[in-house]
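Pasting the structures here.
Note that chain A is present in both complexes that follow, paired respectively with chain B and with chain C.
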Partner chain A sequence: MNIFLFKLTVWGALAYTAVLESIRRKDLWVAAILAVVMIGAASVIGHFGVRGLEMFLKDVTLTVVNILSVILAVLFAARQMPEEISRRTIYPLLARPVTRFDLIFGKFLGALTLSTISLLTFTVIGWGALLYFGLGVGAIFWQYLLLRFFSLAIICALTIALSLFLTPQATATMALLLAIGSSTFSTAVTMLHGSVGSAVRKGLEVAYFTLPQLDLFDLSKKVSYGWKPISGTTVLLLLIYAVVHSAIFLMVGAIRFRRQAL
Partner chain B sequence: MRMFVVVLPLLITGGLLLNHRLAQIVKPDLAAPVGMTKAQQTKLEEVAAASLFGQFRSNMADFLWMKVDKYLHSGVDLRGLTEEEKRHQQTQRIGHAGDESEKGHRQHATETTIVLAKENDWRGVLGDIERDVKPYLDMRNHSHRDPKEALPLFRLMTWSNPHFIPGYAVGAMMIAHQEKAFDEAIRFIREGEINNPESIEIQSTFSYLYMRASYFNGKDNYAEAVRHAERGIHIARARDPETLIADEREAWQECVRRRVIGYREMKQPYKARQAALEGLTDFPEDVTCRKYLESVGEPLPKGTSGVTLLKTQNGTD
Partner chain C sequence: MSGCYAPDGTDAVSPANSGRLSEFFMTTGMRSQTATALSLDNLNVSYSTGPMKPKRRVVEDLSLEVQAGEVVGFLGPNGAGKSSTIKAVMGFLTPDSGTIRVFDEPAGTPAANSKIGYLPEVALYYPFLTPMETLWLYGKLQRLGGKALRDESYRLLNLVGLGGKEKQPLRTFSKGMQQRLGIAQALLGNPDLLVLDEVTSGVDPIGRRHLREILADVRSGGTTIFLSSHELDEVAQLCDRVILIHGGRKQDERPVDDRFRQGIGSALENYFITTIQQAEEQYAKENNP
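Coming up: the complex of A and B.
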C-alpha cells in the first residue's frame, strides 16, 4: 500500500512538473490564441445569422474542437521526453528513487492533463458559442467529451512512445498522421478487405487490430445530427480499449527507454 | 498561469460582446441575390486572384454539397460500391422507402454505407462499437430527413460557387416541396439561370417546377413549363452530344418528356404529337413519347425512331 501511495506521489509530482513547465513556457497560450480565433469565427458566423444552419454549425464547431485538441495533445506529448534528455534535467530526476517507467508514466499524465485542459477550453468555447446561438447539444455531448478524453490518452501514450524512437519532428509528424488519418485508414481497410487476396487480407486485419482506431472515439457526428446517447456498454468497452492501447504504448516506450543510453 | 486565468475569460467575454453587437447591427441577408452577368463572369475568370479564390469557392460548394447529402441521411456516410462489392449480392445496397427522386433526392442503388453492416462485418466487437458510435442505419429501405434544415446550405453553396448547377437544380426542387414555397423556388432557380444561362439542367428544373405547380397547386403554368423545356432542348441540340455529361443527358430527356406532357395538358394534341415524334429522334426508346403516341393511336414499332414519321409528315421522304 505504501509503495502504491509512493508511486502515486511520484507520478503526481512528475505530472505537476510537466504542467508547470508547460505553463512557464506559455504553451497554453497556444490554446488561448486558438480559442480567440474560434470566438472570432463564431462572430463571423453570427453576422450571417444561424437560422437553419444549426446542424452545420455544430458539425463545424466539433470538428474544430477535435482537430485542435489532437494537434495540441501531440505537440504537448512529443516534447516531454526529448527535452528532459536534451536539457540533461533527466539526470537529477533519475538520481532520485524514480524508475524510468515512473518518468514515462508521469510525463504521460502531465501531457494528458495539458491536453485535457486544452480540450476543455475549446469545448467550453464551442459549447458557449452554440448556446449563445440558442443551439442545444443534448446529453450525448457529455459522452462525446468523455470519449475525446479517452482518445487523448491513447494519443499521448502513442506520442510519448514514438518520441523515444524518433526525433521530435518525426514524432509529431507520425503521431499526427496516425491520429488524423485514423478515419481514412479504417475506411480504406474495410473497403479493401473484400477485394484483396487472403495474405493481404490477413495483413490488413492485423494492421486494423494493432493500430489504435481513434475514429471509434469520435461522437461528434452523432452530436451534430441530433442522435441519442450511445449505450453504457459501448462507453465501457471503449474505456477498456483506451486503457489497453495506452498501456501497450507506454510499455513499449518503457522497454525502449530502459535500453536507451542516456 | 495567473495571466492565463485572467486574460482568457476577458478575451472570451470580449469576443461574445463583439459578437452580440455585430448581431444587432448586421441584418442577416439570406434572400436571393442577383446573379452575375456574362461580362462580370468573364472578368472574374481573367483576374488571377479571383481565379485562385474561385478554386476555394468550388471546393467549398462541393464540401457543402456533401454535407447536404449527409444531413438528408441523418449523418450516415455513404460511398460507392467497389467492383467486388457490385458482384456480391450480400453487400448492403442503398434503397429508398418510396420514390423519393421525385422530391429531388438522388438515387443511390450503387452505394453502400461506409460503416459495414453487421452481416458483412469481420471486425467483431469493434464493428459493433463503430455501429453504435457512428451515425449508422440500415439503409436498404431508407427515407430522408425533411430537407428544410438543409436549404440554407444550398443558399451557401450557390453563393460560394454560382456555377454549381446541381446546387441550384436540387435546391430549387427541395424548396418547392416546402409549403407555399413555389415563388421562392422560382426565384432561386432564376438566379441559377442568370448565372448559368446555357444550362440544360436549370431549364429542366424550371419546367419541373412549373409543371408541378400546375399539377398540385392548380396553377395553369403548362405554357411556361413547355417554354423552358423547349429552351432546354434547344441548348442540348446546339451542343456536341459527345460533350454532354450524364446529368445533362438526363435533363435533356426530361425536357423532351415535359414538352410532350405540357402540350397534352394544354389540349394541343398536334403539338404534343409533334413533340413526341421529335423527342423520339433524340431518344428513340423514350417511354413517355411512345406512350403518348400509343394513346393517340399511332404506336411506333420498338426500335423505330420518330424520324420516319416526321419526314413523311413534312414531305421530305
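Coming up: the complex of A and C.
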C-alpha cells in the first residue's frame, strides 16, 4: 500500500469513527428536531396566508440553516481532540504508526463530514418547508450550499486548532464568537477603514486578512432575493481561500500538539 | 545508589550476559534483525507542574536495554516513574534529554510504533463501538484490512475470552473486559515488542491466569515483552529479568531465577521491598548528610 493510500485509510478510519460516534450519540437527531421546530415556527407566519412574505420565509429558513450549521460544526469540532485526551482513548491511537498530524486531520475530516451531514439535513428540512409554501429556490441555491461547505471547513479547522490551546468550553465560546461575529467584524472594519489613523488602519487590515471572512461564503441573501449564480472563478477563489485558511489553522494546531505531553 | 549492585552484594546482571537469552535465540530465532528491542540511554523526563512553575523531574538518567525475545518486568513503587518512562517510549512525552530506540528506530516515530503493541495503564476504549469495530479502527491505523483483519480480530477476541461478545457495545463492558480488549488490540498485527503498563489491572483472578497464559504463548512466539506491574506473582512467573526503579532512577536489575519463581512472588516481594528501602535510605543520606 503506498503511503498516500495509507494516509487516506488512516484519515478515513478516524473520520468514520467520529461520524459513527455522533450518530450513536444521536447528536444529528437532536439537530434535525431543532431545525424542524425553528423552521416550522417561522413557517407559521406563511400558514396564515400573509402574502409578500416569500423573501422573509426564505431569509428566516436560510438564517436558521446558517446558524445551526455553524453551531453544530463548532460543537462537533470542539470536542474531537479534548475528548480523545480526557477519556484516554488517544493512547492506543497514537501507539499506532500514525503521526499526531494524522490524528488532527482525521478528526478534522470527521467534524467536517458531520457538519456537512447536518447542513444537508437542515437544508432538506428548510427546502421542504419552502416547497410546502410553494416557494422555489434558484440555481444560486446550490452555490450557497457549496460555499457553506467551504466555510464549515474553515470553522472546523479553526475550532480544532483552538481546542488544542483552550478548554472545550472556551474553545466553543471563542469559535462561535469568531464564526458568528465574523460578518460584524468585517462590516465594522469596512466602515472604520477610512476614518482612522494609518497605524490603526494597518492593524485593521492585518486583522481583516488574517481572520477568515466567513461572510464571503454567505449567499443566503442572494438566494432570498433571487439573484443569478455567481461566477465559477469567484467560487474557485473562495475554494482556495477556504483551503489556505483551513490548512493554516490545522498547521497551527499541529505545531501546538506536536510536542504536547499526553 | 547507582544500580550496579544487587541488595545482596552480588553483581547485577546485564541483559547481555544472561545465559537464558542466548539459549532463547538459539532455540527460537529472532523475529527482528536487531538484537536490541528497546534501549534507553540516559533518559531524563520532567513534567511541567503549571505555568511559571519549575518542572518536576520524574525520570533521571535512566539507561536500560531489553533484548529481542526477552520478557522484562519494570518494577517500582507508585510514582517511581514507570508510566512516564513507558509514555516516553511510546512518544507521548518528549524527553528532556537522552535517547530511546525501538529496534534501532527513534521512539515515537511511526517506524518505531509499527513494531510495538501497547496496552495503556488505564485501558479505555470508545464506549459507542463494539470490540470488532474497535479492532477494525486500530487495524486500519496499522495497514491491516479486509478479511485478514476480520479473521485476526475474531481470533484475538476469542483468545482473550471475548468470543461471542464481538458486537456488544463497549459501554456495557466491565473494567476487566475492557482490559482483555486492551490485550487484543495490543496483539493486533503480531507486534515485535509488547509494552504493557499494568497488564492485569482490574482483571479477576481467573482472568489474570488466562492473561498470563496468553502472554506465555506470546513470548514463546518470540515476542519481546516489556511490562510494568505491581503483581509480583505475575512478574515472577512471566519475566526473564526485572528492572527496579525508584524516584525516577534505576536501582537494580537482575534475572528472575528459580529462587524468585519458587517463592511465587514472596521472594521477589522481599527483594523489591529491600531494594526500595535501601534506595530510600540512600536518598535520605544524600539529602540529610
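By definition in this document, the second predicted complex is superposed on the first by the 254 of 262 C-alpha atoms of A that agree within 3 Å, B and C clash if a C-alpha of one lies under 4 Å from a C-alpha of the other, contacts with A are read in each partner's own complex, and residues count from 1 in each chain.
Keep in mind that, in the parts below, a residue touches a chain if its C-beta (ideal position, glycine included) is under 8 Å from a C-beta of that chain, and two chains touch if they have at least 3 such contacts.
Because the structure is a prediction, the values reported are computed rather than measured.
One of chain B and chain C touches more residues of chain A, and that partner is B. By the touch criterion defined above, A:L262 lies against chain C but remains apart from chain B after alignment on the C-alpha atoms of chain A.
By the touch criterion defined above, A:K228 reaches neither chain B nor chain C. Judged by the touch definition given at the top, the superposed model places A:L219 against chain B, while chain C stays out of reach. When the two structures are aligned on the shared chain, A:L28 is found in touch with chain B, with no touch to chain C. The residues of chain C lying in touch with chain A in their complex are 47-48, 87, 90-94, 110-111, 113-114, 116-118, 120, 122-126, 128-129, 133, 136-138, 140-143, 145, 182, 185. On chain B, the positions that touch chain A within their shared complex are 1, 4, 7-8, 11-12, 15-16, 18-19, 22-23, 26, 28-30, 67, 70-71, 74-75, 79, 82-85, 88, 114, 116, 122-123, 125-126, 128-130, 132-135, 148-153, 156.
Taken together, the chain A residues at the contact with chain C in this complex read 1, 6, 9-10, 12-14, 17, 20-21, 24-25, 87-89, 91-99, 259, 261-262. Touching chain B in their complex are the following residues of chain A: 23, 28-29, 32, 35-36, 39-40, 42-43, 46-49, 51-56, 59, 121, 125, 128, 132, 147, 186-187, 190-191, 193-195, 205, 208-209, 213, 215-219, 221-222, 224-225, 227, 230-231, 234, 237-238, 241.
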